Amino acid sequence: MLPKLKRRLFLILEVWTIHDSFSKIFDFFIITLIVLNVIAVSLATVADLRQRYYVLFQNFEYFSIAAFSIEYLLRLWSCTIDEHYKHPLWGRIKYMFTPLALIDLMAVLPFYLPMMIPDMRAARLFRLIRFLRFFKLTRYLKSFNLIKSVLNNKKEELIMTLGMVIILLFFSGSIIYFLENEAQPEQFANIPLAIWWAVVTLTTVGYGDVYPITPWGRLLGAVLAITGIGIIALPAGIIASGFAEVIEERKAQKYQVTTFICPHCGKMINSNDLKHARHRIKKEEIIEEWD
Amino acid sequence: MLPKLKRRLFLILEVWTIHDSFSKIFDFFIITLIVLNVIAVSLATVADLRQRYYVLFQNFEYFSIAAFSIEYLLRLWSCTIDEHYKHPLWGRIKYMFTPLALIDLMAVLPFYLPMMIPDMRAARLFRLIRFLRFFKLTRYLKSFNLIKSVLNNKKEELIMTLGMVIILLFFSGSIIYFLENEAQPEQFANIPLAIWWAVVTLTTVGYGDVYPITPWGRLLGAVLAITGIGIIALPAGIIASGFAEVIEERKAQKYQVTTFICPHCGKMINSNDLKHARHRIKKEEIIEEWD
Amino acid sequence: MLPKLKRRLFLILEVWTIHDSFSKIFDFFIITLIVLNVIAVSLATVADLRQRYYVLFQNFEYFSIAAFSIEYLLRLWSCTIDEHYKHPLWGRIKYMFTPLALIDLMAVLPFYLPMMIPDMRAARLFRLIRFLRFFKLTRYLKSFNLIKSVLNNKKEELIMTLGMVIILLFFSGSIIYFLENEAQPEQFANIPLAIWWAVVTLTTVGYGDVYPITPWGRLLGAVLAITGIGIIALPAGIIASGFAEVIEERKAQKYQVTTFICPHCGKMINSNDLKHARHRIKKEEIIEEWD
Amino acid sequence: MLPKLKRRLFLILEVWTIHDSFSKIFDFFIITLIVLNVIAVSLATVADLRQRYYVLFQNFEYFSIAAFSIEYLLRLWSCTIDEHYKHPLWGRIKYMFTPLALIDLMAVLPFYLPMMIPDMRAARLFRLIRFLRFFKLTRYLKSFNLIKSVLNNKKEELIMTLGMVIILLFFSGSIIYFLENEAQPEQFANIPLAIWWAVVTLTTVGYGDVYPITPWGRLLGAVLAITGIGIIALPAGIIASGFAEVIEERKAQKYQVTTFICPHCGKMINSNDLKHARHRIKKEEIIEEWD
């Protein structure tokens, strides 16, 4: 009975591989818990809230650590079902060093470590590291398939665009440095700062912490900002054509159409229009012609 | 005669279902009144204008309430024409709880309620709620068909993009908090504030109320702003391919083309090119071959 | 000889209708003069430059007025060549009231009027109106054909998007007013000001003159800014599919392909692949089959 | 042996023309050195870093100059392999004046010149000019082929969009000047400054150094900012359709499909579906029918 339970557990812990409502509930529970953890870690940095809801944060932390620890141990126990990790000891050690298992470990370890190394400074650091729990979502991100395949198809063009942006940033940063350095020695004190301005301008963020004030500096700023519009347009265009391609491919796979000539009248019929054909064509015949 | 009037009224109150110029005029009148109400409610919050045109605002309010009340009552009276609400009493009560009817009620109720509950505080609240009249436009938004169907087709990808954005915001917000908290303990006081910065940067809004000042913070800011360009590109690409698809489908439905072989010469002709064909093909024949 | 000169002049004054190098030089001269006028009017508002180059600005103004006046009179003289304005008197008066002729008149009139009505205040106003000369470019904008036809094809969707934006602005403006009014009674003093904030946020401009400071206000701001990304994506997608459509149509017109069956071997050939066909097909035959 | 070495060297110095791992290593080394130079020149403007790592910057500069000088001399020596520059003297002089060779010279010359003209002011200028080394990357940018061909195909539309943007900027700049000049005589002191505001608004940068404060100015600002969204959409749409076209062309070239009729059954088969055909068709036959 135990091996059967282990197999069942293994399938539940896997992501949506089977149409198993219990597996879905489990996934939903873990995802919700991760999201709540991230929100809790965020809110706990607000001094006001931390003091008022101290006990609540504390208890939620204990509950999360318990849940994640049990999840980790169950994964470690049931992983031997997988062919790759089937050895009771070495298989489990091998599993422990897979990226996803390491992430799961990192999610709980910062809680247990300070117990062993009682050092206040380390404790604070470990508390911050709790944010790494967010990475536990990685396991569920596999479903971002379409977007990922589009980005993958267009990797080359997107990297080129990035390259152009970086060259443009260094270039315009250096020029603005020469143009504005004298007028604003504080704001444009050096080229890295000038590049910071170029980033803020080219991406059209425009905080307003640095901006040109000389006529030539403003002219360059205007050119850069207008170029920024084009730079935004490039990835948009690349990604748009990427989506169009991927969708077209999928559609082509779905509606594979065969065109053939009706043996009775010579009219061309495609497989989608079979039911509208003038002559009744025997199904065996057609199926024979398809494959 | 009354049933006939009721039926006529019902058709007029419906949105553009019939080619009836009186119905169009009525729709135009209601839409204009809603828009003017929204503008009036906006302008009435400007202290200066409120004092100067007090009587005008007041009278316009009375007129609007009268018009909307009459519209509501007429809808309630004529709704029994619809099969769903045909019972004189229960049908009307059922109709009153449809979303659109509730919106219509909310548009006028805040005016009548204070008369029954004479409380200054409630009166103020009810005055503010007048803005809900805007929702009366919902009835007319049904015509945003194309955009809605595109957004609907691409719902999944857009939600994924939103998910990626939210993950990115929490993630970069947490990192910037660790990088900038010491240098600017006020601006980056806690992670929610740091996430606010991340939103302002990733969406390229860039108010300038918070911005990184440390070199590493600025590097992260630059990365986030450049990522922002890619993030803007994603929905643009998704929606572009969505529009292309929907338009292609409609075109395909419109220009359904049949290709067949001319019985006289064996040349392939498609149904669009019939008039340019070398041999005159009898219409009956073709129609026979089409269907 | 005079009628011939008039006809020649008429063709020169027309925009690029004939392949006439003199007409092109004339168009180029007028466009350059308009652009220089616009730049001069701009620069003349810079107190520093106005004082230093007063004579230069003055002389350029005289030269421009002379050139534009002569152009206007020549147009008025030669317009009778056009069938619509062929009557020597009424035709010319009719021509004077066409939009383009009115723009030409407005470009020079502000210079002559003050001579007749010697009033300092009017003179200043007329000086400002000189900027209207920019509209003389309208005549040459006819060549923005592709962009115009795309925008025209997609007019409906773009207007719907604009409608959605306006509804969103009023809506979020009203909500932020209720959320931030108490915390920042100056910045969010009334709904029109709050809508100004909404515009600045939704379009991702983000001047930083107004921004939310309460948690709920910031949450709404974040939602609005992220929505802004989607809102930018909508017209981008609409226009992208518009360009794709128009270009496809043009290509279809250009490469109208006819498919036919080779009379010698029965293989299907399309008109583009004729030269690669196995059997030499006589040109007359094919041309006959095309039309 | 020397001519053979020269030929080998020439091929190595060329960009990725041959599948030669040594050539790739050389290219990688030069690109890395250029990038490091650009970063070093940037960082050397930070007063703090310049003082602390003075010796490091100095030595890296010597090393770079040495490497770039040797590269330049080797190019000059081996260029005679190319037919265009085969004359030992005139060919080399001709090569020296090609754009890429001039860029290579400019990368090292500012270092040697001050030795001859010992003038402090010139020295400083020459130090700044070092940034020109960035242009050495030009040689390697040839691989940005796809993006370049898209931008090239759509040059006309993109220039038109730019033209529309410039007209819009002048136009809205002039109007805002009239609207805001009185309320903010400093910020909107003249039309060029007002155009600067228009750029910052239309491109949605929004620094916050200038923004309208009068109701009408804000209305114009809102219109301009919303137009800005459309203006961003235009190039995005243009580029998206450009990418789609170029990719379609390439695919068409790759998957050139021929459709023909099976000699045995009369069914239409296209060249991609050959292996799925009902009757085994002899390869010779098909190849014959293809070309």
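The letters A, B, C and D name the chains in turn, as written, and every chain counts its residues from 1.
As a working rule, contacts are C-beta pairs under 8 Å (C-beta built on N, C-alpha and C of every residue); 3 or more make two chains touch, one makes a residue touch a chain.
Protein identities per chain, from UniProt: A, B, C, D = Ion transport protein.
All of these numbers come straight from a predicted model, not from anything done at the bench.
Colleague: Angle of the rotation mapping subunit A onto its copy subunit D, from a C-alpha fit, rounded to a multiple of 5 degrees, please.
Modeller: That pair's rotation angle lands at 90 degrees.
Colleague: Count the residue numbers both subunit A and subunit B use at their shared interface, divide by all numbers used there, and answer same if that is over half, different if under half.
Modeller: Since fewer than half of the residue numbers are used by both chains, the interface counts as different.
Colleague: Name whichever of C-D and B-D has more C-beta pairs touching across its two chains.
Modeller: Output for the comparison: C-D.
Colleague: Indicate the whole-number Å distance between the mean C-alpha point of subunit C and the mean C-alpha point of subunit D.
Modeller: Spacing between the chain centres: roughly 29 Å.
Colleague: Please compute the C-alpha centroid of subunit B, do the same for subunit D, then give the distance between them in whole Å.
Modeller: Subunit B and subunit D have C-alpha centres separated by 41 Å.
Colleague: Mind pulling the subunit C residues that touch 2 or more other chains?
Modeller: In subunit C, residues 192, 195, 204-208, 232-233, 236-238, 240-241, 244, 261, 268 touch at least two other chains, as defined above.
Colleague: Name the graph shape formed by the protein chains and their touching pairs; answer line, ring, star, complete or other.
Modeller: complete
Colleague: Per the contact definition, I'd like the list of subunit C residues that touch subunit D in the complex.
Modeller: Within the complex, subunit C touches subunit D at residues 38, 41-43, 45-47, 128, 131, 134, 137, 144, 146-147, 150, 158, 162, 165, 192, 195-196, 199-200, 203-209, 231-232, 235-244, 247, 261, 265-268, 273, 276, 278.
Colleague: What does subunit A use to touch subunit C in their complex?
Modeller: Within the complex, subunit A contacts subunit C at residues 204-208, 233, 236-237, 240.
Colleague: Please give the residue numbers of subunit D that touch subunit C in the complex, ascending.
Modeller: Per the touch definition, subunit D meets subunit C at residues 156-157, 160-161, 163-164, 167, 170-171, 173-174, 177-178, 189-192, 195, 201, 204-208, 211, 215, 218, 221-222, 225-226, 228-230, 232-234, 236-238, 240-241, 244-245, 258-261, 263, 268, 288-289, 291.
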